[in-house]
Structure formats: C-alpha cells, structure tokens
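Per-chain numbering from 1; labels A, B, C and D assigned in written order.
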Amino acid sequence: MIDVHAKKDNRGIAINKVGITDLDWPIYLSKNNRSIAKINILTNLTETQKGIHMSRLVEVLYPLSKKILSKKTIADLLISLRQQIGCSEIFFDLNFNFIKEKKSPKSGKKSYLSYDCFIKAKLVGEKVSINLGVKVPIFLLCPCSLAISKSAAHNQRARVTLLVTPKRKDWFDDLINLVEKNGSHELFSILKRKDEKYVIDEAVKKAKFVEDVVRDIAQWLKKRKYKAFIVEAKSFESIHNHNALASITYNEKFFN
Amino acid sequence: MIDVHAKKDNRGIAINKVGITDLDWPIYLSKNNRSIAKINILTNLTETQKGIHMSRLVEVLYPLSKKILSKKTIADLLISLRQQIGCSEIFFDLNFNFIKEKKSPKSGKKSYLSYDCFIKAKLVGEKVSINLGVKVPIFLLCPCSLAISKSAAHNQRARVTLLVTPKRKDWFDDLINLVEKNGSHELFSILKRKDEKYVIDEAVKKAKFVEDVVRDIAQWLKKRKYKAFIVEAKSFESIHNHNALASITYNEKFFN
Amino acid sequence: MIDVHAKKDNRGIAINKVGITDLDWPIYLSKNNRSIAKINILTNLTETQKGIHMSRLVEVLYPLSKKILSKKTIADLLISLRQQIGCSEIFFDLNFNFIKEKKSPKSGKKSYLSYDCFIKAKLVGEKVSINLGVKVPIFLLCPCSLAISKSAAHNQRARVTLLVTPKRKDWFDDLINLVEKNGSHELFSILKRKDEKYVIDEAVKKAKFVEDVVRDIAQWLKKRKYKAFIVEAKSFESIHNHNALASITYNEKFFN
Amino acid sequence: MIDVHAKKDNRGIAINKVGITDLDWPIYLSKNNRSIAKINILTNLTETQKGIHMSRLVEVLYPLSKKILSKKTIADLLISLRQQIGCSEIFFDLNFNFIKEKKSPKSGKKSYLSYDCFIKAKLVGEKVSINLGVKVPIFLLCPCSLAISKSAAHNQRARVTLLVTPKRKDWFDDLINLVEKNGSHELFSILKRKDEKYVIDEAVKKAKFVEDVVRDIAQWLKKRKYKAFIVEAKSFESIHNHNALASITYNEKFFN
C-alpha cells in the first residue's frame, strides 16, 4: 500500500509543529481519580519529509492512560515519542479538570470546586521541560470602588491563569492554593448565610485590583527563585460588559 | 445529472426540521447599519421525499441581504421560501449584534454597548409568527448579602434573555430598555469615578435576586397583555464558580 | 441573621425554574470510573415566596458524588431534593464525558473515544422521569456527491444528538452503539492505512444524508415502541462553512 | 474623590500588560460596511504606579468608531493612546468578521462567506507595528486516502490561520485570497449540483495534507520577502474526532 507521507518533499521548507490536537483521552491523577484530558501531540518535520504518520502519535500515547500522571511518566512519554516517531522535537499539551474538596469557612459545609489545569511539556534536543498551569476562579473586590462608595463596592468573579516552570515537589494543588490565597477571597460551591457574611467581610479587608493579584503572585514566585512564569488575572467586571486584565511574564522563552 | 434528493423515500417517516444552520450572512438593521447574522433556515419534509435541496434555501435568502431587516421583510422571506421550496413549514432564526450608544450617568461620557439579539420566525400553515429576543447584560447586587454584611454586598454581571411575541411597534431597543430598567443597574463601557460611585449607590437601593428580575419583567409584560414570553436571568455569582438562574415562561407553545 | 429569601412576595407571580447552573461536580460511572459533570439543579417557586436557598441544592447533592450514578440514585436524589427544599417540581440535568475503548477494524489497534452524554431528569407531582442523551460524532459521506462525481464524494464529521425516554436496561453505551451503526461509519482515534482504506470503502457502501441518519434511528426506535425521543444529525459540511441539520421529534412533551 | 490607581506601589514589580479585553465595539471597514469588533487594549505599567485608569482607554477609542479602519487610523490611535495614558507600550488587538461576495464556479450563483479577521498592533518605544491576520475555512482532501481507496478519499473542512507583517498594500482580502488558492478548494455558501461536481473533481487534482497547505503558503510568502508570518492549518478530520494541525512560524518575535 502506498505511503504518501514517507515521500520526499522538495519545497525546502521545514515545519515547526505538526500533529494532532483536541484528542479526548482518559488520564489518572491518582489510582481512583480518573479525569479526561484534551491533548495535543505535535512534532517537528524536516525539510525533506512530506508528512508525519499521525496514527503513531496515538499509538505511543495509548499506554499512558494506564499509568498515573506525573512528571516522570510525561518525561518517559516524550522520550518514547521521539524514539518511535524519529523527530528531534516533541510538544505535548494536556488540559483537564482537577477537583478539590473544600469546607465552607464558618459552617464547615463540604463541597467540590473544579479547576482547569494544563501541562505544557516538550523535548527539544536532549532537554525535557515540563511546565504546569492552572486556571483558578477567585473573588475580587475593587479597592477604588470601596474607597468612593458609601455602602458597597463592585466585586466579581475573576480568573487567574498561572503557568510556571515548577520546583521539584510542585503539583497542581500547590499552584491552586497559591492563587486562592492571593484573591480578595477564594470561592466555594456552598456558602450558608454566616459563611457568605464572613467571605464578604474578609474580602473588604483584602480589596484588590487585577494589578495587585498578579504582582502579589509574581513577588511570591520571585522570592522563591522560580525560573519562569506567566501570571494573568482577568476580572469579569460587574459594572461593565468587558473584562479587566493584568499579566506579568517572567522568562517567557521557557514556554515557547 | 442524477438528483438523489428528489427520489422517493419508503421508510414512512416525516422529518420535523431539516436545513442549514450556522450560516454567517450580512443584514442591514438600518441603511448604514450593517451587522452579520448567524442564520438557521429549516423546513419540514414529508414521508415520501428523500432529501431537501439545501442550496435553494440560500438562493432565496440572497436578496434579503439587500433589504433593511423588519418584521415585513422577514414575513416576505418566509412566504418566498415556502413557495420556492414547496414545503408546509419554514423555521427561520437569526442571531446578531445590536449596538447602542450610551452616555455615562454623571460625566456624560459616550460609549457603545453591544447586545446579542435574535429572531425566531416561522410559517406554519397560513400563520406567520415572528418573535424577538435579546440577551442583555446587567449589574445585580444581592439583597441578602446587603442585609447581612457590614460594609459591602456581593454583586456581579448577570445576563437576562428575553423572548417575546412582540406588540406591533416593538423592536430590539424597546426590549433592551425594558431589561435594563429591571436590573440593579444597567452597564456602561465607560464609567469615570463619579459615575462608578453613582452606579454602586443606586444599585444598593435596587438590590435584587434573579427571582426579582424575572418577576418584575414578567409583571410588566402581563400588565400590557403580551401574548407570550420567556424571561430568564442568569447571574455569574461572584462568590461561587457556578451561576444562579431564574426563568418564567408564559404560553411557551408560541415558541416551539 | 435576616433571611431575605424567606420573606413573602406580593407580586403574585410564580417562577417556573430557579436554581443553580454550570456547577462542576465529580460523579462515578462505575467504581473506578470517575467523570466530572456540569450540573443544573432547578426547582419551581410559588407566588408567595421571595427566593430559594440555593446552598441547600448543593448540600443535598453532596452525597451523590459518593454513589455510582444510576437511574435509581438519580430518582433518590430527586426525592431528597423535593423533601428538603419543599417544592413541587425538581429539574436535574447532568452533562459529562463517557469514554469507550475501541479497536480499529483491520489492524486491531486500541484507542479511546469520548462522548458527551447528558441526563435530563425531573420530578413533577409524584412522577419521576429520567431521560438519557448522547452526542455521538460519526463519519458521513454524501450520496448525491457520490452519484455525480467521477472519483470522490464530499464527506465530513457529523454529530448526532439523541435524547430518549429509555427502556429499563438502556444505558449510555446502548445509545452510542445505536448511533454509531447508523452513520456512514463510526470514528476511531487510531486508523492505520489498511483501517483507513476499509473505513472509506465501507462508507461508500453506506453513503447517507443527515435525513437518512435521523430516519434510520427513528425507525429503529419506533419499531421497539420507545415512548419519546429527539434525534438530530448535524453535518459539518466539508464544501461549505455552514452545517446541514435534520431532526425528528417524537412526543416532545416528555422532555419539557 | 480618592484616586487609588494613582497611588505609589512599593512591591517593585512592573506589569507587562494591563487593560481591558473583550470589548465589543463598532468599526467601519468602508463607508457603508460596518462590523463589530471584539477589542483588547493593553498597556504596560511601571514598578511604581498602583493601577491604570481603564476608562481612559475607552475614551481614547471612542473617536475610532467614526473613522474607516486602516493602518493609518490604527497608528494614529496607538499614538493618541500612549500620549493620553502616559505609558511606553500599547498593545491593541481587534477581531471582527469580514464578508466577501462570491460566485459559485459553474452556475454563477451569488452568496456570501464570512471570515474571522484580526489585527495585532503595538507601539513599543517609537516603533509602531501592525500585523494582519485571517482565519479562512477551506476544503481539504487527503492524498494518502485518495491513493489507497478504490472509490473515494476522506475530506473535510479545515481552517487556516495566517498572521503576517503585511506589505504596504496588503489588506484582508489579499490574505484571504492567498489562503483560498492553497487549499484543495475554496468554500461557497451555495453550490448547485454542477458546482458541487466541479469542486470535488478539482479537489481530487489538488489533494493536500495540512503539511502541504502551510508549506505552499510559506513558500509563497518567503519568495516575496515577507518579514514575518505564522501560518497554521487545522483539519477537522472526517474519520476521527480529533483534528490534524501543521504550523510554520517565521520570525515569531515580530508578533510578541
């Protein structure tokens, strides 16, 4: 059977990234904790080869779904992919939900919150790099509005996206906790009235702009010598139909 | 050339709706006010015909883009469609943006706000029905939170979706105005500090649940003898990562 | 502490549906098979009560996440919700991913496919009703194009949405299998060249319009005396930038 | 009235980008050709200032909606923004629809196609840069499938995203035409049967992988000495539920 992909290409143009995207795939975050990831697997292609065999990318991925996801299993996958595809670069992205059980601050009611998490991993030359990301919803109360209004201040749900080159022990819950400490308050799926009163009263003491959120997180990461990060806060303004955004990028080249 | 669609079908099963969806198409809301609509055109199909000629739906639509959109031009289109397709039912939906210029309440700064608007029209038997819908973002401040907290109340952007069988003169701006009067406050794209203070202080006087928003709008419509409506308010809760929703449906059968 | 929701309302207007939407929540499809659902829980509200206590909806939901999802556990939840909320109607919707392992037809390569599944359940009066839905991607090859072109036919990914009042033993895999048998072919995440050749050659023998897909599924369900269903096929046309759609509704009132 | 944004910040951390996003705003592509853009306006913030006055960004934008969009009017806006905000960097992004009228290839039937277009403009130091982007849907027919199957080949809708540092006279229609020439075929909103036959037969002669599409476009741009571009082709595979992607980046730093 003819193999068109294996033919020679004579346009003299290499391709930076080629592969499959938006593949839904089961992963295990721990033994009984399955999630479903949306996955991209991309490689590079030299000037002379016409196309890649995309089915091989999925074949190499298949065993991953049996293992517990960790930096180690991802590094192993990147190395397997490169060996079996025969390319010099591999780019591997996963997006999935991470569930955290929480207790409301006063009444102690239990509930869950789900976070969009992502991994941006690559193997270029001999270097594996695995970066971790989280998208964390928080409560944000405006310090300017609080200062000028008599009886209230505009506040809203905001979302912080944090991508870091992690330290050895960092995992998604560490990043989520870091972000949640740096909003006006963290969110909960259950709040009884006494919880709700507590959250609002605490948030008033921690009124913040999006600028404050990204600066506080950046300051924390820089103090601890993180090599690279991108932190972005987007606030779904309650008094506007547009959003407010602030972002700080530190050593962006680590993420390309 | 063979015409497979025109063949006889012998499964004995009629099709309720068949046609094209998600077609982007230019429309004129007034002479110099062009917008781009996402359009669905669907018809019914009797038991015996194998398929419809979908290209004819677009052919009949083509002249619409030259005319100014009104209840009259839509009714004309429905009648043309039925004649040229030869079916007994036509369903025609449009979704598009409607821009309104606004002045901020204290400083008088001008800006624009965009509203998702929609039309649900149909021709069944001899009866044309044209229903108008709007999705209006508003500001909502929680009366419970205001009553229990010392210094603030949670508030957020909310979105009200209103679909009505309109009275003769009703158009999108009428529906948008109705919704905007019934939030804790309307939104603006520019608010200087004195505007922002004004909006918050006014909203505190009009603290509302989603339940209140839909009841107030339903009450207004019922008093004026509107034949049918659906009103839904969804609040993007600032203290939660989920949303709160209330909806009232009156004579829903008009919209099926 | 003041309870604003419990106050009397004097507008004389009942609310059809009120509650929370877009809540992300863990569910178990089997013992080790966790998924994350997006959940709506809505109730009705009589004319005289001002608002509902939304936190109670989540409190009653909390134990669900420990149990394996079944028609029985959903019915139990509906009854608990009604007892603890004190309303006459409960509407409970879940949306989640369902993973199926597949083997490619010729080379036997294993891979996964994910399906968007949904449950629409309600308790009205003494009647519990639980309807099951699936969204299944399929391959669709156009019979008209095949008849008129020399060497190929346009084909594309399509998506079939099927909602049924299920028979006693029906579960999501049954509905997915029913849809997959009725496309031009089912999809796979891995196809080696010999698989790909097989899929195309088989699809040519089963060229279908969207009209054919919904008729064949409707015919199968009617023969087996299903009480109610909605089946819709949407084809992401390769030769257009819009989509083609056909839908058949049978006893729609079961789903309102 | 207190101005919290104008206070000193003492964390010693500059912010790369801060401003407003997702603002819907009317623009004129020509005198009678209005479109609605989704706009981001972001600036940088030095270490010492606490926050930006976001309302000023919208104030400076307001006059734009009266002028016809061109590279000149965008450059003027960037300069106004920098002067009035007092920052050293401005980032201005617009996303909007662009409508093109087309004739079907054989029957000459007229219809419209809509393209998502975007502008990425910035002012850094004294340098204005304005990059133009288009997202163009095309038809793609697989050369491997064509070579191995008897009677057909899988084909599908694909979307090419092209971002370039334009030459002097380039505008959106030039970029759209470039992409449409490089698919297996361009798309139309109306195709009569003789058109459909023609499109499929032509596409068979131009069967292409996503790799071929990006290489052909890159080759064309390089021959004409374009300074920088990113071209990406994503194919919504008809035989899979995931997508295939290829991208070539040339002088990416121009777009950061």
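Structural remarks
As a convention for this text, a residue touches a chain if its C-beta (ideal position, glycine included) is under 8 Å from a C-beta of that chain, and two chains touch if they have at least 3 such contacts.
Only a predicted model underlies this, so the values are computations on that prediction, with no experimental measurement involved.
The chains touching subunit A as well as subunit B are C, D. Set against the Cα centre of subunit D, the chain with the most distant centre is C. Centre-to-centre separation between subunit A and subunit C, using Cα means, comes to 28 Å. Centre-to-centre spacing of subunit C and subunit D amounts to 35 Å, using the average Cα coordinate of each chain. Spacing of subunit B relative to subunit C, judged by their CA centroids, is 25 angstrom. Of all residues in subunit A, those touching 2 or more other chains are 1, 3, 23-24, 113-114, 144, 148, 189, 191, 193, 197, 240-242, listed in ascending order.
Residue ranges of subunit A in contact with subunit B, taken from their complex: 113-114, 137, 139-141, 144-146, 148-157, 185, 187-189, 191, 193, 196-197, 199-201, 203-204, 236-242.
Residues of subunit B that touch subunit C in their complex: 1-5, 9, 11, 13-24, 40, 42, 45, 50-52, 54, 143-144, 147-148, 209-212, 214-216, 218-219, 222, 234, 240-249, 252, 256. Across the interface of their complex, subunit A is touched by residues 1, 3, 23-26, 32-36, 55, 58-59, 62, 65, 97, 99, 109-114, 189-194, 197 of subunit C.
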